[in-house]
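What follows is a set of structures to go through.
One chain, subunit A, links the two complexes that follow: it is found with subunit B in the first and with subunit C in the second.
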Partner chain A sequence: MESRILRPTLAIYSGIFLLFLYGPMIVLAILSFQSADGGPQFPIREWSTYWYQHLLGLAETSRVSQLPVGDSLIRSIILAFMTTVVSTILGVMSAEAFRTKFKGSGPAFYLIILGMMVPGVLVGLGMALLSNTLGISRAWFGTSFVLHVVYTYPFAFLVLLAIFNRFDRTVEEASMSLGVSPAQTFRRVTFPIIFPGVLSAMLFSFTLSYDEFSRTLFTAGRELTLPLAIYGTFSVEIYPNLFAFGVLTTLFSFTLLVIYGLLMKRFTSKASRFKGQEEG
Partner chain B sequence: MLTLNRVSRRYGETIALDGVDFVVPENTYMSLLGASGSGKTTLLRLIAGFEEPDQGEISINGARIDGQPSHLRDIGFVFQNFALFPHLTVFENVAFGLRHRVNAPVKNEKEIKERTDNALELVGLEGFGHRAVSAISGGQRQRVALARTLVTEPRIVLLDEPLGALDANLRSRMCDELKAIRERLKVSFLHVTGSETEALMMGDKVAVLADGKIVQTGAPDTLFAEPLNAASARHMNAWNIFDASLCAGPVGQGAIAVRFDQIDISATGQAPETRPHLKAKYLTGEFNGPTALSFFRAEDGTLLQIIDHLSQPRLPDLVEGESYDLHFAPDAVRQFHGAA
Partner chain C sequence: MTTLSTDTPSDTSLSPAQLREKKDRRRAITLLTPGLLWMALFMVLPMIMVVYVSFWTQTTFTVESTLTTASWERFLSSSTYLGAIWTTLRIWAIVLIATIVVGYPVALFIGLFVRNKTLQTALLVACVIPFWTSFLIRVIAWRPMLGTEGAINAILMQLGIINEPLTFLLFSEFSVLVGMTQIYVVFMVGPITFMLGRIDPSVIEAARDLGASFGTIFRRIILPLSLPGVMVGAIFVSVMVLGEFATAASLSGRKVNLLGNIIVSQVGSLKWAFAAVAGVVLTIIITAVIALALRLVDLRKEM
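So, the complex of A and B:
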């Protein structure tokens, strides 16, 4: 009885909520198909893919200069990749360490978590001051990289902590009772079992680093990362080429998510592939 | 031969093991019987090297193994929850030890296949190698766990309540199979359990662990018929233990024990003069199929149980709440020294 009213209401509510979440992106995607003489607002003069061509340098010269995103995009991807590798390795190692209580594990835990709690602006500023004092020049692959790791490592750590929390230690003991060394046990047993968690940690690290702004702002030095480059164009004038770029990066993120989903599915279905029947 | 010498283990204030002396001879099926919380799993974990004793020595054939990392001890361990590797097939689970162990890993694929198939055949799982471990039943998982351990030919196999996760029917079948497999391989098994029937049925020898100590070791029939102390009598779940002062007649002093099936009942005042007897109130009966169990409360509150075999009934009709005289032959009594 109740559900006859409640369920449709909840459905409508959820629909509106999702629309609210993705509304800005939808508007942005629509406006990216504006014609060459249109501005960054409605109405659409004429549907075209002009701004995509413009973005990729395929359009004939126009009054609007090309978005300076090429180099910064590559920088951002490299930085995100480096951050992912380091944060995930650190996350796995420290989560493994936290499986047993050790002296000072409480403070150590909170110090790690602090990296994602403190305001990015403050850390960024602090890092800038510190590097000036020490005479270290600021660069996206140096000072920014360190802050990206400080920021994303707690996320990777927490994800893996949750995974290890449910981890059945006896499979490791079983491996060792078969004469397999602890290192091999980690490689052959522990790591394959926690792999979905590692994948999630990587995804977190990558996406967080890829669009990190405030920490990077103070520490990147002269060569900008993608979010900084985009922000830089705001101060001049906005053209729909920025929207086209937004659509493309969103597609890129979706691709990452799809790869993540496929890997995840492949991995988790492995254990139940033969459920209830003979292999064909 | 596995020898434990005065082995102790504490967890904070709790004493799990308190100076255990214990020997598992070669080529023996040894059962270790203990109530939950008696420290029996701790004992196995110390032997396997997952934990270290606070005091004492553990050795195999005279060579000390305590302090050695567990992967160098060459001791097999079958877990209560089987602990199979969820990401590997049945075959790869069994082949795991051969492939990846530190000492003498097998590199030859043909030999791995041959030995793995032999182990699967030994436990009755031919043709299951390609299955995922999530796609087989509990009993089959138990066999995979066993095959995985046996294929590496350990010096001794520790089994931690290996049948605990199986249903009753499967359990009795696995009992027979475990025994048969062990006899073929001639390796010692140390089987830990909380069930006295399992311990008595499986073991060539049975040890009883109570309060962190081995209180008695012996052949199953000896242990059952002649427990040396109240603790091991209590673990047989077949003995009434009560204070001798409850009884009229020649019974001595202190704690005594009389087996469930060796007590007879008569109306109050009707007990034969020559037999020790005591007064107790009938509480209730419990029908178990081939046997029936009757519960009595003695005058000091001790609960007494009497077993009657349906084929040879020897009890009168009992009325709940009525008092009766329970009597038994003088030589049915076991006398213990010390507290009950």
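So, the complex of A and C:
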């Protein structure tokens, strides 16, 4: 039996693969605890949290300038929030539209999907050219924001389309035929069913926008978002404060993921309670 | 649907089915309009602008809307820029093949050999978790890994395999290829695993009962059924790698210039028309690649 050799070989290979995926981040996390006089490489002179203090502005003045994260972090969070709201609303509306077959649905589908395909550097360039020509000043809450939605809306749309495809239209029709108004039906029947999809679409939109870089590069104007601030430090020499930042921002993302997980769990347990009532 | 008759009194000649179809269509269009309008204004229009500006006249610091092909002529006669096209295509091809070669066995393991659903999900989640780290941080994480004083060199020296640190690891085409493969390989693993997970185990069992070796089963059943996954993964990886510039900018030490890097540097020096030409060339390449891939697989059917 070949699978007796094949299975362990593939298992070991997959382990090495995971090491390949995680290795750089592990090294980066270790090096973020470098001492103040150490560089961004091995060996670790002395374990310390100096670079975390440095990042948060708690360390005394040093040769390394502080990462400009404060204002840019707030901007990035606001931008991601705006993007999440708009792309989720657009996603729900479009996915709802695609539940019925209609002429021209093919081109409309591909036009939406194109948003996640077009390289950021191209739409970014186009938007910069457009705003230059029209005399609109570029800003993270304007030109960058609309491009972020162009990028995240297709993801929200696809997630919701998958949910809508799976759910039975007759449930809504039953509600309507019992005389419930369309608005009420959406609130009491449709929305609870699609809620997990909405939550996933929001998570996608938020994390994609929060980390979006190439679409923002040409369109953010003078005030930088977080990824742009990080990119600015690439051209000069890097220090372990960047590594400390990487660890913290990863923890922030995991917090989001945990919140998502808790909301999802709470919702599904509520939904199963409903099911129990129906059966009982 | 009591509202139908009052809604459209003039359409009494149509059958209820036609009426309903008409109403559905109108509803779909109303719901879709905001989204499609957004895409038209903020995606299609900027792209048209890129094509338009590529024919503008470039002066030292601005562009004027007098049409000319000067920027195109300069681009197509410069060996630097033609070289960028070649570099982009070469890096794309190598990374694409690397993601397939590196990712396929992992997908094979997760999708076909792990039959425990919980473990399967756990492994897929483990592949996705790195995406919760910022993209730029994941790129920069390769520096302490590959540098002359980096982790790889340190380990190899400790083991006595090398005496001098390897210098080709960082700030070279090699580091760009490794970085891109690590960042994008998951987009290949995901779709392939999905397609492999859909294969009915009884088909493979039947083939085995009939005496087929694993090689035959792989060639005749597994590979053909997983090809749509490979194609979807290839589309993901292609569009992302072709539009890349950050990995090359931070890991190649300016030795690798992709079309994306050309655009960034031209915008930096306010050569808008020139950046637009590079943008159009990049668009043509990406369109060709996607068109080719879509010929081979119907994306909407696979969703």
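By our rule, the second predicted complex is superposed on the first by the 258 of 280 C-alpha atoms of A that agree within 3 Å, B and C clash if a C-alpha of one lies under 4 Å from a C-alpha of the other, contacts with A are read in each partner's own complex, and residues count from 1 in each chain.
The working rule: a residue touches a chain if its C-beta (ideal position, glycine included) is under 8 Å from a C-beta of that chain, and two chains touch if they have at least 3 such contacts.
Here the structure is a predicted model, which is why all the values come from computation and not from measurement.
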Does the superposition put A:A174 against subunit B (first), subunit C (second), both, or neither?
-> first
So, A:Q184: does it touch subunit B (first), subunit C (second), both, or neither?
-> first
Where does A:I44 make contact in the superposed view: on subunit B (first), on subunit C (second), on both, or on neither?
-> neither
Just subunit B (first), just subunit C (second), both, or neither: which does A:I78 touch?
-> neither
Answer with first, second, both or neither: which of subunit B and subunit C does A:P192 touch in the superposed model?
-> first
Per the overlay, which chain contacts more subunit A residues, subunit B or subunit C?
-> C
Is A:V121 in contact with subunit B, with subunit C, with both, or with neither (first, second, both, neither)?
-> second
Using the superposition on chain A described above, determine whether A:L248 touches subunit B (first), subunit C (second), both, or neither.
-> neither
Complex contact set, residues of subunit C against subunit A = 24-25, 27-32, 34-36, 38-50, 53, 102, 105-106, 108-110, 113, 123, 126-127, 130-138, 140-145, 147, 149-151, 154, 182, 185-186, 213-214, 235, 239-240, 242-246, 249-250, 260, 263-264, 267, 272, 275-276, 279, 282-283, 286, 290, 299-300, 303
Given the complex with subunit B, which residues does subunit A contribute to the contact?
-> 168, 170-171, 173-182, 184-185, 188-189, 192-193, 270-277, 279
Touch list for subunit B against partner subunit A, complex = 48-50, 69-72, 74-77, 79, 81, 83-87, 96-97, 100-103, 130-135, 145, 148-149, 152, 154
Of all residues in subunit A, those that touch subunit C in their complex | 2-3, 6-7, 10-11, 13-14, 17-18, 20-25, 27-28, 31, 39-43, 90-91, 93-94, 96-98, 100, 102-103, 105-106, 108-109, 111-115, 117-123, 125-130, 132-133, 146-147, 149-150, 153, 157-158, 161-162, 207, 211, 213-214, 217-218, 226-227, 230-231, 234, 238, 242-243, 245-246, 249-250, 253-254, 256-257
